[in-house]
Amino acid sequence: MTKRALVHRISATAPDDVSGIEAAIAAGRIDPNGVIAVLAKTEGNGLVNDFSRGHATLALSLLFERHLRAADAKQICLVMSGGTEGAMAPHWVVFERASGAGNPDSKTRSLAIGRAHTPPLPFEHLGRGAQVDQVAAGVLAAMLDAGITDPAHVHFVQVKCPLLIAQRVGDADRRGVSVATRDTLKSMGLSRAASALGVAVALGELPRGAISDADIGADWSLWSGRASASAGIELNNHEIVVMGMSPAWSGPLAIDHAVMDDAVDVEPVRAALTRLGLAANGQLTPTQRTQLIALLGKAEASHDGLLRGHRHTMLDDSDIAATRHARAFVCGALAGLVGHAEIYVSGGAEHQGPDGGGPVALIVDRTGL
Amino acid sequence: MTKRALVHRISATAPDDVSGIEAAIAAGRIDPNGVIAVLAKTEGNGLVNDFSRGHATLALSLLFERHLRAADAKQICLVMSGGTEGAMAPHWVVFERASGAGNPDSKTRSLAIGRAHTPPLPFEHLGRGAQVDQVAAGVLAAMLDAGITDPAHVHFVQVKCPLLIAQRVGDADRRGVSVATRDTLKSMGLSRAASALGVAVALGELPRGAISDADIGADWSLWSGRASASAGIELNNHEIVVMGMSPAWSGPLAIDHAVMDDAVDVEPVRAALTRLGLAANGQLTPTQRTQLIALLGKAEASHDGLLRGHRHTMLDDSDIAATRHARAFVCGALAGLVGHAEIYVSGGAEHQGPDGGGPVALIVDRTGL
Amino acid sequence: MTKRALVHRISATAPDDVSGIEAAIAAGRIDPNGVIAVLAKTEGNGLVNDFSRGHATLALSLLFERHLRAADAKQICLVMSGGTEGAMAPHWVVFERASGAGNPDSKTRSLAIGRAHTPPLPFEHLGRGAQVDQVAAGVLAAMLDAGITDPAHVHFVQVKCPLLIAQRVGDADRRGVSVATRDTLKSMGLSRAASALGVAVALGELPRGAISDADIGADWSLWSGRASASAGIELNNHEIVVMGMSPAWSGPLAIDHAVMDDAVDVEPVRAALTRLGLAANGQLTPTQRTQLIALLGKAEASHDGLLRGHRHTMLDDSDIAATRHARAFVCGALAGLVGHAEIYVSGGAEHQGPDGGGPVALIVDRTGL
Amino acid sequence: MTKRALVHRISATAPDDVSGIEAAIAAGRIDPNGVIAVLAKTEGNGLVNDFSRGHATLALSLLFERHLRAADAKQICLVMSGGTEGAMAPHWVVFERASGAGNPDSKTRSLAIGRAHTPPLPFEHLGRGAQVDQVAAGVLAAMLDAGITDPAHVHFVQVKCPLLIAQRVGDADRRGVSVATRDTLKSMGLSRAASALGVAVALGELPRGAISDADIGADWSLWSGRASASAGIELNNHEIVVMGMSPAWSGPLAIDHAVMDDAVDVEPVRAALTRLGLAANGQLTPTQRTQLIALLGKAEASHDGLLRGHRHTMLDDSDIAATRHARAFVCGALAGLVGHAEIYVSGGAEHQGPDGGGPVALIVDRTGL
């Protein structure tokens, strides 16, 4: 018997608005027992003091605790990504596993999903090789959970990783160990950086030996084309969700990915849509739009301050953080292609795609294609 | 003899970096005597306390005063639009008039440009019918200056309009007259609103009788498809630049325009590019990119809080103004189409295109097309 | 038998950090059955999209639901005031009622506290006379609850009031009624304005007939010297807490208040401290500091753009809202006087004290004085 | 013959509003030939992209070039400090030298002022020992210019120092040298840090040998009690102004200084005012207020995240930079003491006073005292 992945994209009217998920459960469209992960775009600043993520996490936890035993509810990966700049629509993406029809058949493959929780990260490991290793191990565990053995079949790995705050730095100080940075905002970038490299190692995109501590958050020539990492104050370990294609899974859903080379490089995304059956010269048609279940992407400001030779001001802006600028802009570029903005664009793409670019995953319902 | 319009797009490394224009003058590529207007994207917040606009204006004035008599330098329209959110590149667009080759020929038309300065706006008129009238008269003067008689040949009207600050409100109070709003940020929107309706009246898009004071900044069903208005603290009158096509002008430059129906509606822009000779299924090719001399557009957050049925959070964000979000996002959508972000996207599109959308002008060099 | 008011000021390490309250309950220092209100400064922006307030509210609700029946937990007024700009310390102020010693004695008075919840506010009433009336009635109910009959014995009235968001405006539209403003940020000011005038009416500071709809949020000569109003997205009615002095209450706590005439007018606060037994020429001494249990104040930018003849830039700043500036500044002025910054300074003092100033309440433990 | 220092505090209505200085020159109150420095608070964000500083600098330069030979105008130190958070009033402080009455008399001392410009700072030196040395040499030159030989007679040293931007980092890269940080905002702090330590060395507060590169911006136990440093994009060297007391100078002006131990530590400032003849228990009286010509102070968020044991949120706020919070708050504390907010509070007090505190200078007109 195969397994079957279901992906539900549900709008949110506030960070704690889980009513859409609740309604889907009530109507039988979602079985809470099958839910393994919820990814979400919440409407805070996506930075250190973003309380929308924690608020959403608490609301989701309370929701699932009403339907599941507490221990089971805790197993669900909650990956809140703050920041819905521009016209990006706050929404939930619920990943569910169910029984599939038929037996595994090597000829047809479908979306496969798995998840893992790592142990808590000792905060002196944040942004260093030990975090790379911890995440790499977590990705392998999540692949196992998804039943994917060949890393080539993995199309996207979403990692939620922790960050440093003054208290955590203080704890490290008291234990006599040094942290990689004392700057809380910077710790978000380092945590995403090490997490992305951990994905790259697990997927065989980079040999572990190629990565020294000094490269993390510094050598942008090292990157994964399938990692997406998001840092948050609301956890102290990693939550990892792996998405790929597998013959052991059935159903109409399929995933593919693209790597944007810079913030306006939408053509590889168009090509991936075409491979998935959604060919479009211009913008996706209204019908195609309904067939695209989820778009998951990354955005960042290129470190050389340039986009195709023209200066951008994102890194010199002390009023609005560069990640906020980048999310708004890249969401605009992708929304111009797919025709709406209820898409998941996460900021800070350190080692996630080339500098200034980033990976994009596309989940499509092939019914009728 | 025809006239000929030249349009120079020049990068800026800072709000007061006029070195690129200076170099073009030194090299003979720009004749300062022919310059009638400079439009620019400067890197401030684009809101009330945006000093990048005034700084740029001062730097430009000093530049032109080095080359022209002060009175002549003052005639140049300086339309500084603040806000280069996302990856938008700060840049100057210099509009120059020169002698053309050949005689006017009704069969071929080229880009025609004209400008006008209105008298100072009494501040109690801001956001009211009297401002609509003043701008409408100014547009007609600028059309006359461009030698365009048929409003149908006008493709874009850029208006720089004033705003209220505490002092100006105080002046009005002392004179015993009432201002339309005491909220300085809101006055920017009202000024843009009345200016856009003034363009609509001048171009025959709306009958003057259809516009009451209460409609200004309120009834979004009233709009111009060719107006672009930008408010700034650095002037107390209006600077108006009209762009169109005319047989009395020659040269390779041509203009066309599109109206975006919402913030992701890039297909009308693609169609306009096709009409101008730059057909592209996906993104413009690198060659086409060099043929697109300038893109001038507008961005705003739709007032119903929705984009194609999905919620946006721009209007509920108290940290980042909605205009800043909208500029970043729409710039991303347009840059995804044209392949770079050195484009002019101005925020606050009240009565400039339908609610949430906006007009876009495209200036193309037809050489080789 | 008298009643006795207890006031517990407890630090918070995050918006949802109720561990200090939990510990006080566990240690028997707080009896949850006696808690009638929690006021708090939470660390969001204090504006429309401040999720720290809702997050704190949810955490407090869950806390009290662990100790009380749900219906009783709901009776506790939760007044979250967002915005801890400058060095203001996030903290909870828990108001508890207990049995007092001895019988009421007209010669000695102690802190008396009461609270009320109003019905939901129809949103078309927000910022209008009907809201004034609803709040005035609520204040009288809270006075009754506190056992205070003479309005002169009331020293402070804290009101948490609702605001408008796009959805609520849309609801009103659908019901065919008009709202006072469609600008969500502005609705916060109007709601605070009407609430403050409601307090003024209830306390006899202003006759109801003196207040027309047009005066609300406009005529700053109308004000209460004892009202403090704070708007939030997380409620749709009003939560009202009244504090005063009464012979029916016993215990060491006392309250007095002062009215700051402008943002640096700290001398009236010094005078009130002196009346309460904490005389100090300069800053309070460390011992006096421990005797000052709570300071509750208001901050706002004066509408004429001036402070003692010098210009402030708070109203022309489009990057940081004026309320945020004002809270940081006034907190600094008050902290300079009392010697620390774990004080409750709430922003937006419309009709709460004279324009640019505001009321301040001081709760002191007279033990040993 | 003695020299005489004049200090003019003049309000500004905008960053480029030099009309007050112009009027003082026209009225003969200021002789432009004697002006050696202008310090100013301008109303930008005080961070990397603060164009109010450059705009003010340009306006001042144009002003002085109208009255002086260009080379002489260039000699005037222009120290623009951005950020007028809270109610801080934008203003100019013009320092002028004139002939004094009488001969030097060792018994009476008056305000003495001097200035120096250092050579351009190679940007790889920024935040390192070489910058410390360059500033120390500059301070000694400015002392010489002021005729002060004993460092003990120096009360305040204001340094305007440069910062890194992407371009400057790129230049360094191309020259094959490494910069101390690639983070532009962080470079402001490092530049201030090295500058302050340079002052400490020149004044004998710290031995040069006590300062290693690793201490700069890191070991907060090293500090000057008289340094004030402000970083800006508009210069590439240092402008240094020294203020002290000297018998070679005459006139009614006197200076003293205090060191605040933390952000609410106003009592040392009160003591300094008392020493200068302005004793006040509470706030300065209106008369005393006019006798206080200028207050120059520093503000910063303490790095341990605490103020007198209570948490502040300045370092975890990703919406508003910590320096902006700190300026607003400390300005409030000082304004509560002196009774108005047209004072110069500059942000980022690295090595300027103890961590979280900072030096404050007070210039008083002793006439009538």
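A, B, C and D label the chains in the order they appear, each numbered from 1.
The rule is short, and it goes like this: a residue touches a chain if its C-beta (ideal position, glycine included) is under 8 Å from a C-beta of that chain, and two chains touch if they have at least 3 such contacts.
Because the structure is a prediction, the values reported are computed rather than measured.
Colleague: Can you name the chain that lies farthest from chain D, using the mean of each chain's Cα atoms as its centre?
Modeller: A
Colleague: Counting shared numbers against all numbers at the contact of chain B and chain C, is it over half, same, or under half, different?
Modeller: Mostly the same residues.
Colleague: Suppose each chain is reduced to the average of its Cα coordinates; what separation in Å results between chain A and chain B?
Modeller: Distance between chain centres, rounded to whole Å: 38 Å.
Colleague: Hey, how far is the Cα centre of chain B from the one of chain C, in Å?
Modeller: Roughly 46 Å separates the two chain centres.
Colleague: Mind pulling the chain A residues that touch 2 or more other chains?
Modeller: In chain A, 13, 43, 45, 49, 313, 316-317, 319 touch at least two other chains.
Colleague: Using the touch definition from the top, list the residues of chain A that touch chain C in their complex.
Modeller: My answer: residues 13-16, 43-44, 49, 51-52, 54-55, 58-59, 167, 319.
Colleague: Which of the residues in chain C end up touching chain B in this complex?
Modeller: 45, 47-50, 165-166, 170, 183-186, 303-305, 313, 315-319, 321
Colleague: Which of the residues in chain A end up touching chain B in this complex?
Modeller: Residues 11, 13, 43, 45, 84-91, 263-264, 266-267, 270, 281-283, 301, 307-314, 316-317, 319-320, 324-326, 328-337, 339-342 of chain A touch chain B in their complex.
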